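Should a chain be cited, it is by its letter among A, B, C and D, assigned in written order, with residues numbered from 1 in that chain.
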Amino acid sequence: MFFASDNAGPVHPKIMERVLQANAQHAMPYGNDAIMEEVRAGIRRIFEAPQAAVYLVATGTAANALALASYCAPWQTIFCAETAHINEDECNAPEFYAGAAKLTVIPTEDRMTPDALRAAILPREPGNVHSAQRGPVSITQVSERGTVHALEELRALTAVAREFDLPVHLDGARFANALAALGCSPAEMTWKAGVDVVSFGSTKNGCMGVEAVIFFDPAKAWEFELRRKRGAHLFSKHRFLSAQMAGYLQDDLWLTLARQANDNAAHLAKGLQAAGAEFLHEPDANMIFARFPRNIHQSLHDAGAQYYLWNDLLEGDDPEAMLGARLVCDWSISRTQIDAFLSHFP
Amino acid sequence: MFFASDNAGPVHPKIMERVLQANAQHAMPYGNDAIMEEVRAGIRRIFEAPQAAVYLVATGTAANALALASYCAPWQTIFCAETAHINEDECNAPEFYAGAAKLTVIPTEDRMTPDALRAAILPREPGNVHSAQRGPVSITQVSERGTVHALEELRALTAVAREFDLPVHLDGARFANALAALGCSPAEMTWKAGVDVVSFGSTKNGCMGVEAVIFFDPAKAWEFELRRKRGAHLFSKHRFLSAQMAGYLQDDLWLTLARQANDNAAHLAKGLQAAGAEFLHEPDANMIFARFPRNIHQSLHDAGAQYYLWNDLLEGDDPEAMLGARLVCDWSISRTQIDAFLSHFP
Amino acid sequence: MFFASDNAGPVHPKIMERVLQANAQHAMPYGNDAIMEEVRAGIRRIFEAPQAAVYLVATGTAANALALASYCAPWQTIFCAETAHINEDECNAPEFYAGAAKLTVIPTEDRMTPDALRAAILPREPGNVHSAQRGPVSITQVSERGTVHALEELRALTAVAREFDLPVHLDGARFANALAALGCSPAEMTWKAGVDVVSFGSTKNGCMGVEAVIFFDPAKAWEFELRRKRGAHLFSKHRFLSAQMAGYLQDDLWLTLARQANDNAAHLAKGLQAAGAEFLHEPDANMIFARFPRNIHQSLHDAGAQYYLWNDLLEGDDPEAMLGARLVCDWSISRTQIDAFLSHFP
Amino acid sequence: MFFASDNAGPVHPKIMERVLQANAQHAMPYGNDAIMEEVRAGIRRIFEAPQAAVYLVATGTAANALALASYCAPWQTIFCAETAHINEDECNAPEFYAGAAKLTVIPTEDRMTPDALRAAILPREPGNVHSAQRGPVSITQVSERGTVHALEELRALTAVAREFDLPVHLDGARFANALAALGCSPAEMTWKAGVDVVSFGSTKNGCMGVEAVIFFDPAKAWEFELRRKRGAHLFSKHRFLSAQMAGYLQDDLWLTLARQANDNAAHLAKGLQAAGAEFLHEPDANMIFARFPRNIHQSLHDAGAQYYLWNDLLEGDDPEAMLGARLVCDWSISRTQIDAFLSHFP
């Protein structure tokens, strides 16, 4: 019963198979391997973006920090949700890579709203040398609270960015889960919606450790290569990153896995709801934030269930007190496990 | 009628006199001048801090950024008021000097409160490698909204910092104005209240361009000297910084000037109040945030008065609409000017 | 006939097997996996260093830059060979990670000498705030010219560092090859010789992409964890780094592979020597720098041999002109390939 | 008898007079003062560069570091003389401001040569992502060894830079002394010779603390303003920087003072030569590097003469041993002092 995170699950066998296949003879290092050609072509096709510059790195934080740095001068500020991974969970990596730029955080409940974004941008007036200058807007899709921006919501956010002539980054650590939830095309959720650069997450959805950075405007390509190397994120045996991504993309495995993860979460959410749990945020994809009584937490805990309590502590007196939980499903969680989890509810 | 800022006024004649006196023969460069000895001794005496390390730089931003960097690792976050100069008006200098550290801003009305500070610190849990680590707390005294933290308020803030074992920086760009307002001793407003390092502002209060950085614990001394040089803030003809500060400290000129500035502001505030203006914040020192009708703004504007409108625009239809103004008095503003300003009110 | 680099070869099957074994169920992320426990214990045992702090990253540049940053303040200078990877091949990553520190490069033929090191250190006098301050010494073993520092040479270099109280980093991208060449113990080549921190390379010697950073003094441990995360080098599915390293260490596979690579190079060198090639540097481990006539290069080139010309161009008129070559053997090169290569020599 | 440096002398009375004149009423802060208009126009006229962007900072290190950062990406390397101030005397400020860029130092005797420059540039091949990328060339005029590049030498250096499409910075901490030595126009020594940006030093030549940064291409203007503010080098009471520079430029005072300093040095050099001293470098401007016997040093030392021994120690046994000295003359040194100094020679 592992619901702690989707970053801790196994690698899908078909992805591992591609890794094994790649392990023959010598291959050109540093991204010049033949598999990378396949990956580049595949991503361009999937995103309907024949000019896109496509790069691989091994961690989501590297993807975000390098992508943002490509669009952020050191005297600018990135605009992001208060809850964003880049603000909460990357130990200042975005600031580091962007040369000591600032993050301006936007008060966020479920997900960033256009009004809140505009309110954060407005005070940083252009031409005022004393202020941090306006820089890129970073949107997280699936948000860190498990909600998914509808296409029109995404477009409304990027419209605000365009209003101020600011570039837009999409943190897609759970890109596939969002896409599966919306049922739209990758292009619709990115460049057609006004996104300039995407962190295309894969690790959480069945890979070993690989994320793509996709620039729809290839003008940033060479600078990105230098930034990646300078950040020590250029792999010599790059073919093993390529192989993971190739396996991930093949036969739409990435979508299959995301749908599986979302379905798992939906099944879990349905069971929780039936059992009277309260949701802190709408469970749109594969993450659930729910509250239920302490004694059920205790029972699950005793049975070895793994997940994070959400701003609450297990310790306490009142068995009926409602405590928050973050429950994440990856593709590999079985219905058996979910049902075992749900069996602790009355 | 210049009320735009206290950063634009003249240098007091006695300070200029010391600068002229310093201009004889050669003097040892880079802070090894004899006048700096006098300054160091003077500040140590005034602050009752015989061990303090004392340095001079030429700008307030340099003082703040270098002082904070001395207490902030690149993976930490500085806690400060949303309204703080380091957040709003230094174009990422603190982030730059602190090696790409983060600023966590605290929602602030009049001035930072202990509860809001604690609420900002708490989520950055120690031992969590993903989060920015807790770093120094920066308090602005006089605050950027013209209010002054009472001694017990200061102590309550530093108590929160101590609770989490965090160092405390005081941005004293208007240190003298705050001290004059509180009527306490420099030691009471700093190390006795739990402050570790002070930006002791002087430029706004009659100097040409000099600020002291005072470390009550001299352990940071040599590192600060390296940081100052690396930041290009070490002056060869340092004696001219020393001379300004020497003149500023002599015969308590600094306090005399601050009292003069505060008295000017009090006189102005009294007149505004009598005329029915509304105060946005309590005018504790030498800055006033007030609202009064558009037609009076227009009349002042036509007469050449200089000050910033506060989140409002002069243009508009309604002559009775209440518009905000920031009015700053320095020591050099005459009663005549203030009364001329007030004469535009009915 | 692939002699271009040891960074482009396959992963050893036993290492891949451990990766496959690791792919079961969920595992704690971010270095808290059980395999990392095994790795840590293994490295401590091999290095006879029960207190050592051991970390894994995926690239050699990350290992070097993070290790050096842990011992280098931004106002210091790293001392290294002119030929060092950190100077020539890391696109300013060491400067980036060390917060804009300087590299002072030491003129180097075969490898760094104590006299040249001392001559580089001496002018940066302590207490001079204008100069970059003295920082860590970085030694490359195997050097970038294929030579190996004898133990007494290593000790002579670290003795110079100690003379000035400077920490010592060992860039061991080819650690195993050096150890195999010297026939000493890991402890003898590191902490017993005065080394403080090691980049323990593995990728070039049969892994997919993993390097260990080993601190003999664990005082830097937590700071390193923060630096690694901030650099975006902390893997969520860390077990796959651990698994590679576990396979690499098991049954001394790492030494077996290094001996194989060195033997391959020795066989190649012997053949080259017999054929009249000239060596630019002594081929102590698995890299050969040799010169032989253009027409042989042409013949090899036509046959598809892959390697770098060394400061020379294939294009030219004189078939007898002696051109340099860098020839690197990894463990996977077969005798057949080497003999095929040598068959082009008269 | 003060020959230690030209950074420690008095401010010329006419410059101080302008500072005093500037001290009336309020003036617009942050470079928007009226005197800056005069300065900008004056520098544009003097340099025959009506489009030039002109900025003031207070230290030479700030001028150099900010000017170079404007032309150097973090993944590039600056090319400079081994002896350059930016390499030897700025405690990594250029690296800091350029976002952790590298300095590639060029072996230098008297001054940088085109061949040595080319040899340093060549190995950093474009398109190689592993290497630091080629960045700006920085030339020091007067060089740190007191020599002056002839115009054709300057042009030969900038021709090498242009060959590789690299921008050129001139560190003119002693710009006026060089100009006086060459007898050419400011335009001839800068943009007509292929220089893109100049640090126009003034502090060493009679000012209190002010240096101009002059961009002949104004495209960098706004970015420079942001860099200056972010570096904490933007003065609120900027008029006092402007006033110094205005006084310095008025009636060609800057050239008068430089000629005076050069004449002083020529007088001193002539006397030293007559007394049998050996010159380490040609004393082209206002700095002399000479060797003479220890007993004369001792005699001068006892008489209170101040200057730096050059790579030698006063302590020693042999009274006839030849020891090096660096002797710098500023405009304020009197003939009486020089003759008093020379009177210690036989």
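As a working rule, a contact is a pair of C-beta atoms (placed from the backbone, for glycine too) under 8 Å apart; a residue touches a chain by one contact, two chains touch by 3 or more.
It should be emphasised that the depicted structure is a prediction, and the values quoted were computed from it without experimental measurement.
In this assembly, C is the chain whose CA centroid lies farthest from the centroid of chain B. A count of C-beta contacts for the chain pairs C-D and B-D puts B-D on top.
Between chain B and chain C, the centres computed from C-alpha atoms are 51 Å apart.
Mean C-alpha position of chain C lies 41 Å from that of chain D.
A straight line joining the Cα centres of chain B and chain D is 34 Å long. Shared interface positions of chain D, defined as residues touching 2 or more other chains, are 74-75, 90-92, 96, 99, 129-130, 133, 226, 229-230, 234. Residue ranges of chain C in contact with chain D, taken from their complex: 74-77, 88-92, 95-96, 98-103, 105, 129-133.
On the side of chain B, the complex with chain C involves touching residues 30, 73-75, 99, 129-130, 133, 223, 225-227, 229-230, 234.
Considering their complex, residues 2, 4-5, 7-11, 16, 19-20, 23-29, 57-62, 65-66, 90-93, 96-97, 203-204, 208-209, 226, 229-237, 240, 306, 332 of chain D touch chain B.
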